[in-house]
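Okay, so chain A shows up in both of these, paired with chain B first and chain C after.
== the complex of A and B ==
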């Protein structure tokens, strides 16, 4: 290699090479960033406390236990009743708030295909508790009348902001048999006011 | 290619030169001072104008040998100002992003607290606003004690035997207040915080009997004083004149294992009065 080329590589060529390396690093960084999950979303993702039916999930806002799950075409509260072309999944819950504003204001059902059914026209009576005092209450979520693979009931305090807080995840069994049974159940499922205290 | 002192290539020696030297024309090669006399045969080469500079005498090719060699500063010294400013930049960045905390939740809490002891009067002052405009709330509050109770003051201001949910206990907070009768004092809140930090608010939704308890924890029945105006077209309520000084109670439902530790009185956050308290106070 002649001395001129050597000098060129030692001078302007080196600068261009450094610039090319920087661009290549930026391009690789962009590809890696696009492939990885968003750090902010991962960092602020809700913390999930998985509990089976009958087990207590210890949440920041209190202890929650699903004691029974049933389904039907109609739920009936103290002032209203609602029917559905699908089916209502109703969970009976024991909840002991830990905080003044302790409540279960979000109840959703999700499956392993990424579908999620929010509270919508449903109801949660697990509100306005007293810290340290157990309450029995219910949530009702409207879903299609069909079997769901990997169905889970998600219960948490806040329906508006899912960042950082924890939530209870209760695996459900919604197979062909239970879906068919619940979709035919015309008997209204009673949802009274929550009972606070023992 | 053979290098000659006169062949200046501005990029050839970039790695060995300082940035500030890049556009400086090269200095001529040093020439030994002319010999005062005819040189001897052995000294002819020394006075030759083509003599190569002593590489140890200067900064290398293109650098004037008379200029002192650049001082080899250490990494810490070269980055001194960056290192000094780094903590400042971090603090500014954190402060600039802290608006989210303040906006989303901090202002909702009772963080501007005036602390007082049991029996000690607090002159509470707070700016507030309703449809009628801006007001200044001025009231003197004295918490005089807390004790368990089995009765609840009802809507008519009478004590009535209470029926409460299992697993709860009623506590009665006693207070003395004084204010100008024209002061608007509706909207008062009384909370009791227990030794575990759990907060219990004055409310009657879980008290089964009396069916309708006292409306405001700070005001007595029939002595509400002037009302606030929350919406246009709000009809004025029946006048309920309030004395300049009065004593009242707030019955608070708490978990049965709770031990009261503080009483908090407030109208609008973040301002609040907090009084450390114990059942024997």
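== the complex of A and C ==
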């Protein structure tokens, strides 16, 4: 019986060897792939244009400048008012669209611990602009009422596809003092419709 | 007759070639193994898998998988659904809970009140809030805010609620990180149905996995994980203040 199995293996040695080599190659390939950065993620990462408050960031869809940042417990628009268990950070923006579809539809605040707060229950009025005509508008983002290390406001055209396009990054100062002040501010921050033209 | 011409009656050669009685068994086994060794590898693997599958039958391998028993939750207990930690605190019904709602002529809103806190570092924006709470055995629930058709009582867990932030009665779809929100999951019941005395609430657990449609990871596959029954408090409808004369 044992000689039969030896014959069986002897007849299939080449096939078994090839199979073992294929498995080994796949295993090595998996290890190498796991160690390398994801080429798709690296290649499609957004291009970040850092600008301080008061500076213009030149984006593909237009020029954007944050002129003022304030915070409070409530923002009040033309339809509804929204409160928060944290605090609203509201940025006043000057935006000049460069294209028909020019808009700031994504506004997020991120910290250096990897947290990211997107528009969510907030608002952006920086939409429906006219190419070449400056508009003044606002974005409001809801964040916890506490100091935030490395806080940055990110403004971008499209909230659905974050690949390749550029985005403005505005460093913010949200320290203990500003967080405490904003978290106690019960006066609604007015957010009217955007003003188009000067 | 020597027997050489009658192989089935008289053993010839060595014992392994015998075909009768206990002595014949080793020969058959050897031939069977010899035949097996000549079979293609793929066929052998298929046969082995089939035999293994058959062998699982006596041990319940073909039986329906047992559904895990649902845990019974307590009111205000923190329940970990995956992306969200939630509590369920009370249930009420009203034909107009607040100014933000349209008054209902025949039917009412059913509201499950509780809290929600994200476990994730980034804002949850894929409808997770509406996926984690369902009602069991309630008739007349609208399927969703986009589909007003009522679902049969046996399928009431397919009716999807809308989330509201209780403090300002505004709709809530996304849940940002590091904050706890007082929320209400709100269903609309249609028809002349009276509010139920109590309702069974089912909590769903979500799984983080790669989407089969998109190149992304999402919280998917809601599955029942716990339930609790709470009484329903009927609230008077909101009435708009009379304009100053």
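Throughout what follows, the second predicted complex is superposed on the first by the 166 of 198 C-alpha atoms of A that agree within 3 Å, B and C clash if a C-alpha of one lies under 4 Å from a C-alpha of the other, contacts with A are read in each partner's own complex, and residues count from 1 in each chain.
Operating definition for what follows: a residue touches a chain if its C-beta (ideal position, glycine included) is under 8 Å from a C-beta of that chain, and two chains touch if they have at least 3 such contacts.
Computed from a prediction, not measured in an experiment: that's the story for all the values here.
Colleague: Touch test for A:121: chain B only (first), chain C only (second), both, or neither?
Modeller: second
Colleague: Regarding the shared-chain residue A:85, is it in contact with chain B (first), chain C (second), both, or neither?
Modeller: second
Colleague: Kindly classify A:144 by the partners it touches after superposition: chain B alone (first), chain C alone (second), both, or neither?
Modeller: In the superposed model, A:144 contacts chain C only, not chain B.
Colleague: Contacts for A:196 in the overlay, against chain B (first) and chain C (second): which applies, first, second, both or neither?
Modeller: first
Colleague: Which chain, chain B or chain C, is in touch with more residues of chain A?
Modeller: Touched residues of chain A are more numerous for C.
Colleague: Between chain B (first) and chain C (second), which, if any, makes contact with A:134: first, second, both or neither?
Modeller: In the superposed model, A:134 contacts chain B only, not chain C.
Colleague: State whether A:8 touches chain B only (first), chain C only (second), both chains, or neither.
Modeller: Both chain B and chain C are touched by A:8.
Colleague: So which positions on chain A get touched by both chain B and chain C?
Modeller: 4, 7-8, 12
Colleague: Name, in rising order, each residue of chain A that touches chain C in their complex.
Modeller: Interface residues on the chain A side: 1, 4-5, 7-8, 12, 15, 80-86, 108, 113-121, 142-144.
Colleague: Given the complex with chain A, which residues does chain C contribute to the contact?
Modeller: 30, 33-34, 37, 41, 121-123, 125, 165, 167-168, 170, 172-182
Colleague: Any idea which chain A residues touch chain B in the complex?
Modeller: The contact residues of chain A facing chain B are 2-4, 7-8, 10-12, 14, 98-100, 128, 130-134, 196-198.
Colleague: For chain B, which residues count as touching chain A in their complex?
Modeller: Its residues touching chain A are 1, 9, 11-12, 14-15, 164-168, 191, 196, 198-201, 205-206, 253-258.
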